[in-house]
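Letters A, B and C name the chains as they come in the text, with residue numbers starting at 1 for each one.
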Amino acid sequence: MADKVKVEKAATKKLGIAGVLSLAWMTFVSLVAFLAPWLPFDDYATSHLEALKVGPFIAPGFPLGGDQRGVDMVDKLVWGIRNSMMVALGAIALGFLLGGTAGLIAGYFKGKVDTVITGAMSMLLAIPQLVLAIALVAVLASPYIGSDGMNQFPSNGRKMIVLIFALGVVTAPVVGRITRANTLVWSQRDFVLAAKAQGAKNFRIIFREVLPNVAPAMFSIALLGIAVIMVAEAGISFAGAGLPADVPSLGNIIVGGQSLLLLGTPHIVFEPVIVIFLTVTSLNFLGDIVRARFDVREAAV
Amino acid sequence: MRSKKTTRDFGTDSYAGPLLEVNDVATHFKTPRGLVRAVDGVSFTLERGKTLGIVGESGCGKSVLSKSIMGLLPPRNVVRSGSIRYNGEEIGSAKASEMAGIWGTEMSMVFQDPMTALNPVMKVGKQITESLRYHLDVSKSFANETATELLRSVGIPEPARRVSQYPFEFSGGMRQRVMLAVALACGPKILFADEPTTALDVTIQAQILDLLDEQQRERFMAMILVTHDLGVVAGRADEIAVMYAGKIVEKAPTRALFSSMRHPYTEALFKSIPKLALPSHSHLESIPGRPPDLVDPPAGCRFAARCPYAQPICTEVEPPLIQQDELAHVAACHFPVGTEAGNEALARNKAAGVVAADSKVGG
Amino acid sequence: MRALARRLLVLVVVVFFVSLFTSLLIDLTPGDPAASVAGFASEEQIAVIRHDLGLDQNVFVRFGNWTKDFASGDFGNYYSVTGSRPVWDQLKPALPVSMFMMVYAMIITLVIAIPLGVLSAYKAGSVLDRVINALAFGAISLPNFAFGLILIYWVGVKGRWLPVGGYVSPSENLGEHFRSLALPSISLAAGQVASYMRLLRSDMIQTLQEDFILMAKAKGMSARRILWMHALKPSSLTLLTVAGLNIGALIGGAVVLEIVFTLPGMGRLIVEAISAKQYVALQSSVALIAFFYVGVNLIVDVFYQIVDPRVRNG
């Protein structure tokens, strides 16, 4: 018992109060996002007349108030967090799959392969990322006029996938550059050279020797990346290219609440803003801790 | 805006006493491990135009001492005590704002590494003129001419062209000359030269030392020459202070020190100088052991653990700095080198197979 | 010089691929792009537009024509029920709005971030430093649109001190011009201030430990002079690096904030193009932004060479 207390105390000391709070908030948000379908929340389409445009802590049973259609803000935020998290996690996974692989290959093999991959990443980085993401989403998930002459709207599923794809594509070169820089450093280390000299296969070396060492840097980038992507999702919503209003995300809740903000009812906007702010702060903080813990070098970009 | 001179004027030559009087100066650093006694009670005086050599191994506190006298140490986590009188005025506890009237114009410093001590993104001319313009309020053209003249006098060829170059365009030795010009710009009365030749090639070292000598004579400037190499100060200093573990262990006029050194540490340092007369590859004696931990210095003589003369008393009673046979020659040793007591102690240790207080031969 | 030549070569390649990519964006749309762009139109009208967009030709011919047109200042047409008009007619008034906003944000950023960075580096570890740092950490975590919305509510809606939307050109009324861009520019600058300040601080702390700083002190230079004349210039390289890295975020932020503050800039143009399915206008806007971005990065590079004498002469 006494031992356990000690261990916990040590962990607390290393993380600091802010670190513990960050971890707690991220755990809470993740649980909400994962478990939303099984938690006793209403569908975000259910309107309650008594909650119509009501601010937080006014109507009983609606602690966060209701939106312009009388939807309970708690319900809306829960589903918004879930959808935003799905987009962010999906995009970061794709970004790592593409960028991480490219970065490892470029940094390990160097030479021509490196030139080509680095060149491709520079291309992707030549368009400001948010603008590129907006453009990609806009063209890939646009309504179009079908052969029957009628408007065809992309399904919500397609919109979500396109959004994840676009954000993943713009994340990839950033992840790629950092992975490449770290791989360059690690693949020069003695143990890697020794493995090479012993005739180990390249891919075995990459996965067994290089990847585990590059992983901490990638992990801290992933934390920051999730934060950046959540913010980008909101930016895309502002541009009118985000998820449709019937699929709430933190971004489109804010966009939808803007007109009420101008009329003096700010909670619809500020509640998701606070969620985004807390999440981004926590992720930034945890990212810093990971970087400090593993002594991650700033990528030499 | 232009009246940057402080109200205190240190330039008075009417004061008849020594230029610099350092009395029982201590400088301690607060660290997580405890108080590091980097300088622990040092006293000396420096007359106008004279040179004091401060010699010791790295970590003995000699660099800290010169920075401490100039008041250049950051205020945080530093505890200074003792008295420092410049031209009769107490400056030991002066604030940085008060010292600004002394820095550059009264005291100046040449640092060890010319690669890092010059601003890499400022033209060397500007690095010279800025203090001229700042302290002496001279016109820009006059400052520029002075800068060129200074570069010429420290032996930089084509000074008029070189003033508008950046430090990276100079070689190491040339940079050290530039740094000297920067330090000398406002005609200081004391120059602190902190290992001015350590970072340089051996061939360049002598040139720079000669240049220091020459500038010092021309300007009638006092100098404190800090070095780990007894050979550097041999022909140049008027007086030499040997420092060990934050304290002066021996101080004497240069000639007296070399003719009759009294402290075993001085002797050990002397034996470690490479001598031109000896064939190359001849054995140089290094001093066994390491300097003591300055957080918790040992009782008695701090050198005892490494001293071939050490006797039981050395680890118990700290020897005071006492006058030796010549005036102005002081040493802190119970068994001074070359004395009867010293010879006896050495012989006794040799007979017992003891090299130093804490080590035996082969043990 | 060789580094610069290499950089220019890379630039040409990048511009080529960016052009190729944006000129082919329209092919990524589902369905018939001509029909989408035309909206509900007759078969003949769609055919005309299809030819207009070059969709009846192969990709390479289309790319060649697009490049030629773009280089000669023909950014394509904006099609609507009332007929087509050049995209340039919309770009022309939109460009200065975005430019003014970014320039003002940049000025605000530098004016606030540099003194704060220098001050907190000089006072590193002090209470003041910690407060500044905590604020900066918060500012970095607050997206600029969130900052904008907070300002809209407290300054615009509650306080009614400044307009929360709309744009006044400087030739119309200079005072109103500044007022109309005040909140957007501040919102855009907030995060930038924090990131510039944090990097300048950590860089300055290192610079302040250099020997040449001690040397300047030993020369009797005042603390103020040492900070501004000796320590800041080496760190200005860091500022330039941050500037280069942050321009993308600046542009992205400007796009979003124009929408938040209903300013008729490039961002607004993109939103309108997307909602009206005007892919030509979208392509041209994206291409312009990309070229601007690439161009500014080149300028930053050139500045880098000028500021650092070692790079300049090396």
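As a working rule, a residue touches a chain if its C-beta (ideal position, glycine included) is under 8 Å from a C-beta of that chain, and two chains touch if they have at least 3 such contacts.
No experiment lies behind these values; they were computed from the predicted model shown.
Of all chains, the one whose CA centroid is most distant from that of chain A is B. In terms of Cα centroid distance from the overall Cα mean, chain C ranks first. The distance from the centre of chain A to the centre of chain B, each centre being the mean of the chain's C-alpha atoms, comes to 58 Å.
In this assembly, the C-alpha centroid of chain B lies 55 Å from the C-alpha centroid of chain C.
Once the centre of each chain is set as its mean CA position, chain A and chain C turn out to be 22 Å apart. Chain contacts: chain A has no residue touching two or more partner chains. Multi-chain contact residues of chain B (touching two or more other chains): none found. The set of chain C residues that touch two or more partner chains is empty. Those residues of chain B whose C-beta lies close enough to touch chain C in the complex are 4, 70, 72, 76, 96, 100-105, 107-109, 111, 113, 116-122, 130-131, 134-135, 166, 168-169, 179, 182-183, 185-186. Those residues of chain C lying in contact with chain A across their complex are 10, 13-14, 17-18, 21-22, 25-26, 28-32, 35-36, 39-40, 137-138, 140-143, 145-146, 149-150, 152-153, 156-158, 164, 245, 247-249, 251-253, 255-256, 259-260, 267, 270-271, 274-275, 277, 279, 282, 286, 289-290, 293-294. Interface residues of chain C facing chain B in the complex, by the touch rule stated above, are 125, 210-212, 214-223, 225, 229-230, 233-234, 307-310, 313.
Residue ranges on chain A touching chain C, taken from their complex, read 119, 122-123, 125-132, 134-136, 138-140, 142-146, 149, 152, 154, 227, 231-232, 234-235, 238-241, 254, 258, 261-262, 264, 266, 269-270, 273, 276-277, 280-281, 284-285, 301.
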